[in-house]
Structure formats: C-alpha cells, structure tokens
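Worksheet: one structure, shown below.
Note that the chains take the letters A, B, C and D in the order they are written out, and that residue 1 is the start of every chain.
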Amino acid sequence: MSGLKPAKIGIRGRIFQIVFESDTPLGKGFDLLLVALIFFSVIVIMLDSVQEYHQRFGAIFFYAEWTITLLFTIELGLRIYCLEKPQVYLKSFYGIIDVLAVLPTWLALVIPGAQTLIVLRLLRTLRLFRVLEMMALVGQGKLLLGALQRSRDQILLFLFTVLMLVIVFSSMLYLIEPRESGFTSIPKSIYWGIVTLTTVGYGDVVPVTPLGQLISVMIMLSGYSIIALPAGVFSAEVIRTLREERYSDEACPGCGVHQHEYDALYCKRCGTWLDEECTAPDTPVKPARKKRGK
Amino acid sequence: MSGLKPAKIGIRGRIFQIVFESDTPLGKGFDLLLVALIFFSVIVIMLDSVQEYHQRFGAIFFYAEWTITLLFTIELGLRIYCLEKPQVYLKSFYGIIDVLAVLPTWLALVIPGAQTLIVLRLLRTLRLFRVLEMMALVGQGKLLLGALQRSRDQILLFLFTVLMLVIVFSSMLYLIEPRESGFTSIPKSIYWGIVTLTTVGYGDVVPVTPLGQLISVMIMLSGYSIIALPAGVFSAEVIRTLREERYSDEACPGCGVHQHEYDALYCKRCGTWLDEECTAPDTPVKPARKKRGK
Amino acid sequence: MSGLKPAKIGIRGRIFQIVFESDTPLGKGFDLLLVALIFFSVIVIMLDSVQEYHQRFGAIFFYAEWTITLLFTIELGLRIYCLEKPQVYLKSFYGIIDVLAVLPTWLALVIPGAQTLIVLRLLRTLRLFRVLEMMALVGQGKLLLGALQRSRDQILLFLFTVLMLVIVFSSMLYLIEPRESGFTSIPKSIYWGIVTLTTVGYGDVVPVTPLGQLISVMIMLSGYSIIALPAGVFSAEVIRTLREERYSDEACPGCGVHQHEYDALYCKRCGTWLDEECTAPDTPVKPARKKRGK
Amino acid sequence: MSGLKPAKIGIRGRIFQIVFESDTPLGKGFDLLLVALIFFSVIVIMLDSVQEYHQRFGAIFFYAEWTITLLFTIELGLRIYCLEKPQVYLKSFYGIIDVLAVLPTWLALVIPGAQTLIVLRLLRTLRLFRVLEMMALVGQGKLLLGALQRSRDQILLFLFTVLMLVIVFSSMLYLIEPRESGFTSIPKSIYWGIVTLTTVGYGDVVPVTPLGQLISVMIMLSGYSIIALPAGVFSAEVIRTLREERYSDEACPGCGVHQHEYDALYCKRCGTWLDEECTAPDTPVKPARKKRGK
C-alpha cells in the first residue's frame, strides 16, 4: 500500500485516510467494520451451502449476499475514487483480491448457475490480511517466511525424495494387493501412499496381504521418522535468524565491512577499533606488540 | 494463593496452615487426601456414565458423589472460615474452581435432569493444579508458558494462514466431490479439511474423485510439512529462554567481552572483576599471587 | 554388568569371558549366536500365533520353542555357574530378563493353557539390549536419556495438562453426541479424545453433530499445534547437552571451581589464570590495574 | 560423474559434452528434454494402470512406452559410445539406473506377462537425481544427509526401542482382544501397533475391549510424545552443522578468544592478526592510526 499516492487534499484525501489508512478513529472504525463484514459474508456463504438452511433461509442469504456485495462494491468505488493512479492499485495484490471479492456475485447475474464461483467468493477471507498487516502481525510472519525461504531448497528436496519413495513403494503395493482392497491403479496407490506417509490414514484404502502390510509398516515408520527432517532444518533456520539479530548493521569505519557480531570490539577484516563512543584506548597497539613478542 | 491473608492466630490460623499451605505434616496429609478424593470423584463420574455400571452400581455412585460433594463443601467452608477476606479467595482462579466443584451436585437438587452438569463436575480435575503448584512442578510449566507466549503471535498467524488455506481448498472439494462421499456442505468440507490437514484422518468423509484426491494429497503434504513451523519457532524460543537464563548481557569493563555466565565474578577472558556495584575488592590481585605461589 | 565378579581362573573364568564379555573371538561368536537365537525365537512365537501356520507347522514350532528354551536354560546355567555371586546377577535387570526368557515355557508344563505367557516370552527381545550395550550403541542412548530425564518434568506437565483438556472436551462430546455415534460413556469419549488429539484418528468413533464436529476440530488443532511443545523442549535439552561437552571438567587451581567454558582463560569465580600449560603471563595483573584506573 | 573420462576430441567429445555435462546450451537443452521425457514416461505408466484408460488408450500408451524406451536406449548407446571406459559408467549408480530404465520394456518382449516390471520402470524417476545434481540442489541435501548420518545411531536406537515396545504391547492386545476385532495373530497385532504408534490410524483393526483401548491410548500417547526425540536430535545436529560451517575453533594468538567466524582476519576482541601462516603484516598498527586520523 505504501506505493499508492492519494489525491492531495479535499474530500478524496479524507476518504483515502479512512479506507487506506488506520491511524485515525474513522480509519480504525472502517477496518473493524470491514473485518466484521468479511466474517459475516463468509458465514453466510458457508451456511448457504448447508442444504437445510438453504431451503429455509435461502432468500435471506440471497439478500445478505447482495447487501455485502453492494457494500464491497461501494468500498471498491471509494478506493478507486480517492486514488490518483487507481490502475496501480488495481494491479496490486490487494487490488485483485478486492475486485475478486465482488466479481463473482455480479457475474452470477450474467452467467447462470455460477455456483462454482463460491470458491472465489471465499477468497474474500484473504482481504483479512490487509487488516492484519496494519496490526503489524504480518511483521511476525516475515521472520517465519524468511526462515522458510532459506530452508525452502532443503524442504523441496526432502519432499521430492519422499515423493519418489512413495511412488516406488506404492506401485509395489499396486502389484501385491488384490484390486478389491482399493489399489485399483498406480495413481490410487500413490494417493494411498501419501495418506499413509503423512500419517493421515483414512482407512478407505487398506492393505490386506501380509506383504502389503509389511511394506505399509515401512512407509509408516519412514513417514513418522522423517518428519524430523523439515522440523530440524526449519528450527535451525529460525534459530539462525534470531541470532542474526545479534549482528550489528554498522559498517567498520576503517574498511567498511558490515555484519560484525554485537560483542566485537575490533573489525574482523582490518582490525580497526569499532566502538565510536569510546575514546580510542591504548590497547589496540598492545595486541600487535604481544604478537611480535611471540 | 500468595495474596490470601489468614486470620492471625488461634484455630483459624491452624486451619489455614492445613488447607492452604503444605509445609506441615498435616498440610501435606490434607493435600494427599484432596488428590485422592479428586481422583476418586472423577473415576466415579466416569464409571457412572457407563450404562452397564450405572444400572448395577447407580445407587453406590449416587452416595459416593454426595459424600464427595459434602466433603468438598466442608472443605470450602473451612477455606472461607479461616480467611479474613474470603471474597478475595472466592474471586480468585482457585476459588471459582472450588465452588464449581460442589455447585453442580447441589444444583441437581433444585433443577431436575441436570445431566449437562457432568462436564462442570469434571472441572474438579483442575483442582489438581493447586497441589501441582505446591509441588513446584508448575514452575517448570512457566518456562514452557513463557516460550509459548513469546511465540504466540507467530503461532496464531500460522494457524490463521492454515485455516484460510483449509477454507479455500475444502470448498473446492465441496464443488468437486459428489454429495454422497460426505461433502454435503462447506462447513462439513472444512471439518474434513482440518481432519486431513492435522493428519487425524478419520475416514468418515473421504474424497472419491481423482481430482478431489489430488487436492487432498496437497492438503496432506502441506499439513505434514508445515507442522515443522510451530515446532521450529517454539524450539528457538525455548533455546533462547534457556540461554538467557544463563548468560548476562553486560560487557566486561576490562576487555568488553559479553556473554558471561550469571554466576561469573571475573571475566573469563581477562580476569577483570565483573561486578560494578561492589567496591573493587583486593582479590583480583590475589589469584595471580596464588598462581605464582603454586 | 560391571558389578559382576567372575570366578578367578580356570574353566569358569573362560566361560565368563565367553558369555559375559565380547572382546574375544569366542565371546563375539557367542553374542552373534545369541542375537540369532533371539530373533529366531521371536519369529517362531509370531508365526505360531498365525492360525493357519499353527495348524500346519504347530509341531515344528513346538519343538523349536523347546530347543530354544533348552539352549537359553543352558546359557542361564552357564552364567550362574561362572559367577562367584550369582545372586547379584539374578537380581540385576539382565538377570531378571534372562530368567523371564525361559520361565514361561517351563511354567506351561505345570500350568495348562498358559497362552497368556506369550507376552512374557516376547520379553526375550529385551535381551538384545545386552548385545547393543556391548556394541556401545547404548552409549548413544544415554545422551537421549539424559536429555529426556531433564525435560521429563516439563513433558509430564505437558501430558497432564493435555489429558485434563481431553477429559473436559471429551465429556462435552459425550453430552452432545448421540449414543449411536459411539460416544456411549465418558471413558469411551476420552478414548476417542486421545485418538483424536494424538492425530491417530481410527474413525471407529466419529462425531456426527455440527457442534460435536466443531469441538473435534478444536481438539485436532490443539493436538496438531501442541506437539511442538515437547519437541521444542527436547530439542533445547539435546542442544544444551551437546553444548555442555563444551565445558571443561578441570578445576580452577585457585579456588577449585569446575565447569569453566572451554574458551575461558581466567576462572569465572576468582580470576586465576586457568591454562596450566602456558607460563603465567603478565596480563593477570593488568586487568586489576585497569579496574582501579576506572 | 566426476570419475568418467570422455573420449578426447571429435564427435565423441562433443556428445560427452551434451549427454554428460550441462554447461553448454545443447547440454542444458538435453537435460530439459530428459526431464520432460522422464515425467512423460512416468505419467504414461501411471495412466496405463488405470483400467478405464488402459481400455480406451491402451494402444497409444503402448506406442508411447516404446518410443520412450527407444529414445532412452539411444541415449544409453550415446553415453556408452562417447566414454572411453563405459564399463566404469555401467557399474556406477547412474549407469545402473540408466540400464534399468530401458531393460523392463525390452524384457517384456521375451518374458510374457511381465507386469511386475512396472515398479522397475518407475525407477526411471531416480534418473531425475542426475539433473538435480547438476542443478546443485543435491548440495543442499548433503547438509541434511550429514546431519542425518551423525544422528543415525541415535535414531536407529530410538526406532529399535520403539519397535520392541510395540511388539510387547501389541502382543498384549492379541491376548486381550477378541479375534473378530482384527487381532488375528501377533504379526497382525504388530501391524496394528505400528499403525497406531505412528498415528496413521487406518481403523481397519481397532480395539473394542476397554482394557485394549486403555493400552491403545498408552501407545498413542507414547507415539505422540516420542516423535519429539528424533526431531530434537536431528534439530541439534543441523544446528551444530550450521554453526561449525561458520566458526573456526582456533584461538586468537593475542588474547585466546575462540569462535571467530571463518572469514575473520583479525580477532574481534583484541585486533590481533589471526592467520598464523601468513607473516604478521604491518596492518595491525594501521587501524589504530586510521582511527585517530578520523
């Protein structure tokens, strides 16, 4: 949102303060209202999907949906109206989500039987991230995301290896198990393999032969043990991230190198005394003397 | 309990020692009796819920329940009697639990068919925390709680993101899967989504279409991998807490080294006396002398 | 085994070397034979439990079992014969296991229908620990056990809290759910609660009401998230244990304090120069001077 | 692949560059084509196993399989042709996999009904590792593998102990539970035990007696808690590996401080030149001068 430029003054500037920012009482109220509307909207969509409620309260849900859509459309209009360059906003992540929040209902007018758009309507929940971001909660997530990105390669490699193991073992069960026990094809067997490895274990497909059960047991024990791998890698990354808070960002006045540990007194590159606030002590010469004496 | 003020002396003071404290033999005996009674009470409630036992031993359970309730009521009376300001106690966490432990049975006299109060009766188990606290076990939990509180924001954000993913994916299955396979509504689909993501996998609702199974597999792999996130964050926090318990952040006044253990008196690097608040003792010279004498 | 005293010399001493130790070729051969026999024995017991195999090979299994029992009995005899104080051995962990390995089969002669002793027979697998111990693998386990013991209190507290939550939530489902869905009593509900919380999810008992499913979802998310707690605590303990390898065990020559970090040059307690091998430098006096100058 | 020696020059040298290396545009193109072919091949094998697709597109799958096999055979021929010592390649890990990728289809010509070779065909996915290795992703895996190897003993010991517990507890359920609930033999009970301990929980075998359910609950809680063990050990190992990558263990010759980062040239504590092997430069004096000049 930082990239958006409001219309300078007047009514548009005030609207910008309300709908895009949250440091005024009105802005905060607007955010709260938005969160309430999103939750209300999601609940309406969910309840409407229950057959029983749909039959009894279908009309109410219909009007509720339209009310919310109209409110969201007005909000979208205000957002576009108060910006100088609305096209930048409309192409941003939040802009797309805001449009997606109202589009499905309007489209349902044109295209009949657009029930498949329900999923798109539920993307409205993503709008909550905007409010979360304002609440600085997302900053917390950046630590998580940072550690996740750094361990991404290892976790992908882990998932890839796991998947290959599952493919090989599952196709073995496809050969061993009778078709009646559910292993009707290799894709179905792989589905079973992942259900087993991830320890979900629905029980809809289950090995019945002793050999099949033996292989299953090996998949289970693998799945149970190797969960330790991504957990370990990720732990290590979080700890590393937390520790890096211990690195100073100040550059060495002698050579300009960054990333000294916080307890460092001399630059690890050129030996310059790092602490600006102290008067330079006599000591920096001493180590050199000691050194020569050696 | 530290905030409770007993009646100063006499019989009330002695009762306070027994029911609120546990450093006298009688106090310890009282605690043990309480633990035994709570366990006995919980077992009675549980067994009474088994239809077969209820029919055969219903009367015994009835009298047992009343005996326990009367004993707990007497205990509650003693607690109130021996305190100068019982209203403080009654508003405290333990006070509320103590009242809840006896209330349901008494209420059942007035309101018939108060079977729903069984859950309240089981809250008696919470009374065990008082004894645990006296056993200093709860202190251990404070480390856990501290680390949990510090990683709370990240874990909440994690849960929130997970929930949104589940909502979006589950509603996709609601559209894809035939109603007969159990995906009768979006809330039911979300229930299935959480059963799958948390790797519980009851198998009461199970995808039957290939596409549905493909999306399920993605939810499973997500659920299996992202468990590493809260585990990693929490590990890092516990490690940080344990380290902070051990190391001081103050630098040595002699050489500037950080990270001395809290019980260190001299810098491990240069031997300088660390404690600023003390007057510098003569001792810093002594070790050197001792050394030479050796 | 370290506490066992062999008969000094002669045949008994040689037998001791073979059956109790593993540094001679014969001793190693004996160990391997023992491992093979234990595995063979366990496989026989398992296969004998399969109805089909029991009917066809029952007699063979019977003789195999007796052969193994006789061999184990002879081995036990040798162990007792070669020791000076066999009663110490017989009261030790391994002594009890060795006796339990042969007792059930002999008892089955006296007591008919002692099929319940099968479990005791399977305790023979515990004998494998003796061989593992000789292979120094158990030493690895001591690190694990040490970390486990240190985090024991926290993990017990964790399990206790979890159990209480399960009891309260499960009894709520006992009230909410219809008896037909499997929640026939509170103990059964608690069984379901633990099946759910530990993410096992058999699916034999499953909530059918929306409210019941909502509470289930909360138990699942709890179970899924709080697994991070023992994992975090245990990780931290293992890391701490590994780090303690970084502490020197040598005492300070000045004041006798132990547990200096490996990179410490001066005692953290009295400031004495720690490194015996170096000639005492002039520096230990300097910090004191600096200190005064301050 | 580093051990393979190509024919020096000419056409064979050029082929080597293409099929074995990936730093030329042609080599990269070849790799991409290979990845595409492997994926295509695996998808064909999988779809062919679906009865419905086999009946409708069986002929297409048959020709696709033969096309891929011919292409892989030509590739194998090129690999052998361009090497000076093809026998070294054929005995290497990747050589064996390359042969296994084409063998099953050719064998099916000779041996009828070789459907069991499907699993071998799926081993083609292992060929992807070669491309991954070139993409340097496997280097990431070496960190994982290193930490895994170091914690191997502990994790094996853990698995062994867990297995023994499962054997003992499962055989108890074999005695307690009625045969109808699925505990028909000890091996079947152990299968159930592992399904339970690893929290897979299919639900195909489920305890029905209260005592059996009590023991199950104990297995579940064990399985749920002890997953923390391998996770903890592995976390600790990864953290240790990451730290060792960063810090040198050599002490500073000036002040004895350990734990300098590997890229440090001067001690962070006293500014002494760290590299013993170099002749001491004049620079240690310079930083101080620079400092003053500032």
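Just so we're on the same page, a residue touches a chain if its C-beta (ideal position, glycine included) is under 8 Å from a C-beta of that chain, and two chains touch if they have at least 3 such contacts.
Here the structure is a predicted model, which means the values were calculated and not measured.
Looking at chain C and chain D, the chains that touch each of them are A, B. Chain pairs A-C and B-D differ in how many C-beta pairs are in contact, and the one with more is B-D. Distances between chain centres, each the mean of the C-alpha atoms, put B farthest from chain D.
At the interface between chain A and chain B, under half of the residue numbers appear on both sides, which makes the contact a different-residue one.
Distance from the chain A centre to the chain B centre is 29 Å, each centre being the mean of its Cα atoms. For this pair, chain B with chain D, the centres built from the Cα atoms lie 39 Å apart. For chain B, residues that reach two or more other chains under the stated contact definition are 187-188, 190, 199-203, 223, 227, 231, 233, 235, 239, 255-257, 269-270. Taken as a graph of touching chains, this assembly is complete, with every chain in contact with every other.
Against chain C, the residues of chain B that register as touching in their complex are 42, 45-47, 49-51, 115-116, 118-119, 122-123, 125-126, 128, 132, 137-138, 140-141, 143-144, 147-148, 155, 159, 187-188, 190-191, 194-195, 197-204, 223, 227, 230-231, 233-235, 237-239, 242, 253-255, 260-261, 263-273, 280, 283-288, 290-292, 294. Of all the residues in chain C, the ones that touch chain A in their complex are 199-203, 231, 235. Partner chain A is touched in their complex by these residues of chain B: 153-154, 156-158, 160-161, 164, 167-168, 171-172, 174-175, 184-188, 190, 196, 199-203, 206, 210, 213-214, 216-217, 220-221, 223-225, 227-229, 231-233, 235-236, 239-240, 251, 255-259.
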